[in-house]
Amino acid sequence: MIPVFFGATFIIFAMVFAIPGDPIRALSGDRPMAPGTVAALRDAYNLNDPLPVQYGKYLVGLTQGDFGQTFNGREVTEIMAERLPVTIKLSLMAFAFESILGILAGILAGLRRGAYLDSLVLVSTTFVVSIPIFVLGFLSQYVLGVELRWFPVAGIQDGLHSYVLPAMVLGSVSLAYIARLLRTSLVENLGSDYVRTATAKGLKRTRVVGRHTLRNSLIPVITFLGVDLGGLMGGAIITEGIFNIPGIGGAVFDATKSQENTVVVGIVTALVLVFMFANLVVDLLYAVLDPRIRYE
Amino acid sequence: MSDIGSGGRPRPDPEERLHPTATSLEEESVEEQGPGITAEARPDPSRVVVAAAAGELPQRQASLWSDAWRQLRKSPLFVISAVLIVIFSVMAVAPQLFTSIDPRFCDLSHSVEPPSAKHWFGYDIQGCDYFARAVYGARISITIGLLVVAVSGTIAIALGSIAGFYGGLFDAVIARFADIVFAIPTVLGGIVLLASLGDRGLFQVSAVLVLLGWPTMMRLMRSTALSIKEMDYVQAARSLGANDLRIMRAHILPNAIAPVLVYGTISVGITISAEAALSFLGVGLQLPAISWGLQISDAETRVLLSPHLLLFPGAFLILVVLSFILMGDALRDALDPKLRR
Amino acid sequence: MDQRRAPDEGRDEPAHLLEVEDLAVEFRTAYGKVYAVNGITYTLDERETLAILGESGSGKSVSAQAIMGILDTPPGFITRGSIRYQGVDLLQVGESERRQVRGQKIAMIFQDALSALNPVFSVGWQIGEMYRVHRGASRVDATKKAIELMERVRIPSARERVGDYPHQFSGGMRQRVMIAMALSLDPDILIADEPTTALDVTVQAQIMELLADLQRETSMGLILITHDLGVVADVADRVAVMYAGKIVETGSIFEIYKNPAHPYTQGLMASIPRLDQKGEKLTPIVGAPPNLMHIPSGCSFHPRCPYARQRCTTDVPPLYEVGDGRRSACPYSQEVMQTGPTRRR
């Protein structure tokens, strides 16, 4: 865990500050800057120090909650705090959407393997996975927002309604993945020897499937859901951008477009930390779910 | 007793022994083989009688690949995706076959015109022919897809074999590196890495995607190497004097080809999708490159009004990604022995 | 041609615990039909141990699964026959009634206990499940019963280990867990499908001894399915030898070992390596087991049979009575018996 944290943050850090060329220019993008500003920035970013020291100071800054500032002087952390609630709401909705529907679809497909329902699920999930998320975003925006007028096209309002469309877009690819994963896992488990034993014990089919196989089949799904937090974050950038949602992803989206690279680096570092934390939790969760791992 | 022979032939005596030489077991040697495979053909005639009478005819040893090919040929998934891939590959290599219009010839007076008979996809905001741009966009997308997967695949195979085969320090170091890269979600990492590069052409974008993409295939390769390493036939090969490189080449690699091929194919689709996403965000390829992601990104502000700006490059994107993913699925179904029905 | 055909079973005899009559099972696959079981008939009484002996592909496991009603359908289909348990034909009865019998009256244990037990539930949970589901017992009571059962099958430290998971036990212990699970509701019949094949030799003997003891205690009927003649020698009363989906010989274990009446059985006995054969070549049965999609005509063993005559390619031999309680599906059984257990040169 620890080396991974250092490694990941170092890579992010290094890419911005250590590549050949003027990092200030990289940070400022194409804006012209007055020499005084440049010098001040150099100082502020410790660019006159050797790289390892820079990195060290950067890390120290992180621990103190200093993720950098925008060119207007706003703290990145301030921006994140402001936008966090929106993103959390959106992510939770997407999470609920993808897990509930994904698991349901996976169960239906797995139990009726080879039947019409199964093929339907397989085909539709493949299709969804192939659609890049921004295409899906625009498409649904157009069809469901402009044409059918079921949902607002952009922005968010109070209440959940305006979150629904972006949440669906955000969770769609994961939904497809979960459905397929569960289906495969279920099919595999249904062919296991212990299913035969359970049937030989005189148990009803519903119990054999519901109690014995589901528990085993859900293990990979749950671990995926845990890891998917990272995917949600990456997708949120695009989704929030397209739907003009003032969340954290939207902040990155805007910052990328306007080339405020400090903001980008700052927020992304924070997101990476969250992602790594989620991975850690998933690792622990895995031991709880699968006793075989527990005792090894 | 019914007539055994047909008219003209003398009826065989039902009490006549079937295998007259078989009562003596002296010449038997241990030739018990598994069901379905006949005893070796020997000059001894009673042997041949036994073998033929048992209904066993010599069978060709079925190999994974010939079986897979047979199944693939029949699979509609494979055929459709193969056709699509071929079409788009041709489009990438020789776009002139699909359109005679220069994609860079733009006339603002035609800005955002909808599709018409001569210009199937209409015009984009700058007034360039959209269809032509979409056709030329295939080139870069497919190139990036194949390039990234080829390079990261090679790296992954090499590192994965070493990590799995040698274990120990090699494994620890390589696996750590993979973990580090894994900790960075692709889009996020892509944004950061590319945002800080000034010049973003084919090379830079591909390099970043390779950097972010090699761990998955490496893990695949590594687990294959780990499992094959323990197999008895590898120990046997070793005791016959095979060196490490030979074992890797002759035993581990062939076993790994199937899953790597399947994942690699799907990977191409995912990479193309990722490049489009990054270009859309503005951190991927830059103008004057022609990429579907860029096309959609350009059109962002007008998309809801003129959906054709989204639909056409979007459709191409979806089709290409879909075809690679379908191909990967078809390959997996054909190559996975467990799924054989 | 001097042999008497065996009389039809069951007419003037007292009711058996289990009567299988003319059972046939086929698998319908994409490549064709596989005729796994082709008309087998046997009976089982209380306290009796019947060993079903045969190679892989002889249909022995499939027939057992058919009795339990756990065949994969599709692709497996029971095409004819009857399975009478205490007089009732299980094949004519509805699924819910079959489920009442399955596990509670007729139980089965399998070859590989590691894959046959659910890896994510403790052994106590799995054994106790029988009580919780079929007897409505509480978690606590079910666990108590599970401990009792584990002690009965001689698992040491049962109380401490009841919460452990299958992968934490050794092979032999796991098999005992399966036996405990199967015996939990005092079934009348236990079917053991290759219970010792995956185990070490010494553990094999222990498990067989356990099964024998348990049978004595409960007076249940035991069907042992195996390909290993040595393993069942001490435990079995009668043996039914299967080949290509048919029973080719039945009899007491002593007689079959001492003087087989069917060429296949004779071939099997002759192929066992023996200490006094040291220095001599092994004598396997010529040829290979048949492809069950294309079973040879007439007597399915004829391509490999040293006694075969022309008629064997066309006539399907019934089970002939060749001695007291002995049957053999070969018209030349007398000849076979005269040649003795090992074909002398």
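Chains here go by letter, A, B and C, matching the order in which they are written, and residues are numbered from 1 within each.
Quick note on the criterion: contacts are C-beta pairs under 8 Å (C-beta built on N, C-alpha and C of every residue); 3 or more make two chains touch, one makes a residue touch a chain.
Computed from a prediction, not measured in an experiment: that's the story for all the values here.
Asker: Suppose chain centres are the mean of their C-alpha atoms. Which chain sits farthest from chain B?
Answerer: Measuring from the centre of chain B, the most distant chain centre belongs to C.
Asker: Which chain, with its centre taken as the mean C-alpha position, is closest to the global C-alpha centre?
Answerer: B
Asker: Could you let me know which interface, A-B or A-C, is made of more C-beta pairs in contact?
Answerer: Most C-beta pairs in contact, of the two: A-B.
Asker: Quick check: how many Å separate the C-alpha centres of chain B and chain C?
Answerer: 45
Asker: With chain centres defined as C-alpha means, what is the inter-centre distance between chain A and chain C in Å?
Answerer: About 54 Å separates the centre of chain A from that of chain C.
Asker: Provide the C-alpha centroid distance between chain A and chain B, rounded to the nearest whole angstrom.
Answerer: 26
Asker: Of all residues in chain A, which touch chain C in the complex?
Answerer: 192-194, 196-204, 207, 212, 215-216, 219, 289-292, 295
Asker: Which stretch or stretches of chain C touch chain B in the complex?
Answerer: The contact residues of chain C facing chain B are 29-30, 56-57, 270, 281-291, 294-296, 302-306, 308-314, 343, 345.
Asker: Taking the complex as given, what residues does chain B use to touch chain A?
Answerer: 176-177, 179-181, 183-189, 191-193, 195-198, 269, 273, 276-277, 280-283, 293, 296, 303-304, 307, 310, 314, 317-318, 321-322, 325-326, 329
Asker: Looking at the complex, which residues from chain C come into contact with chain A?
Answerer: The contact residues of chain C facing chain A are 68, 70, 99-104, 107-108, 110, 112, 115-122, 129-130, 133-134, 165, 167-168, 178, 181.
Asker: Where on chain B is chain C touching in the complex?
Answerer: Within the complex, chain B contacts chain C at residues 1-2, 4, 12-19, 22-26, 28-39, 50-51, 53-56, 341.
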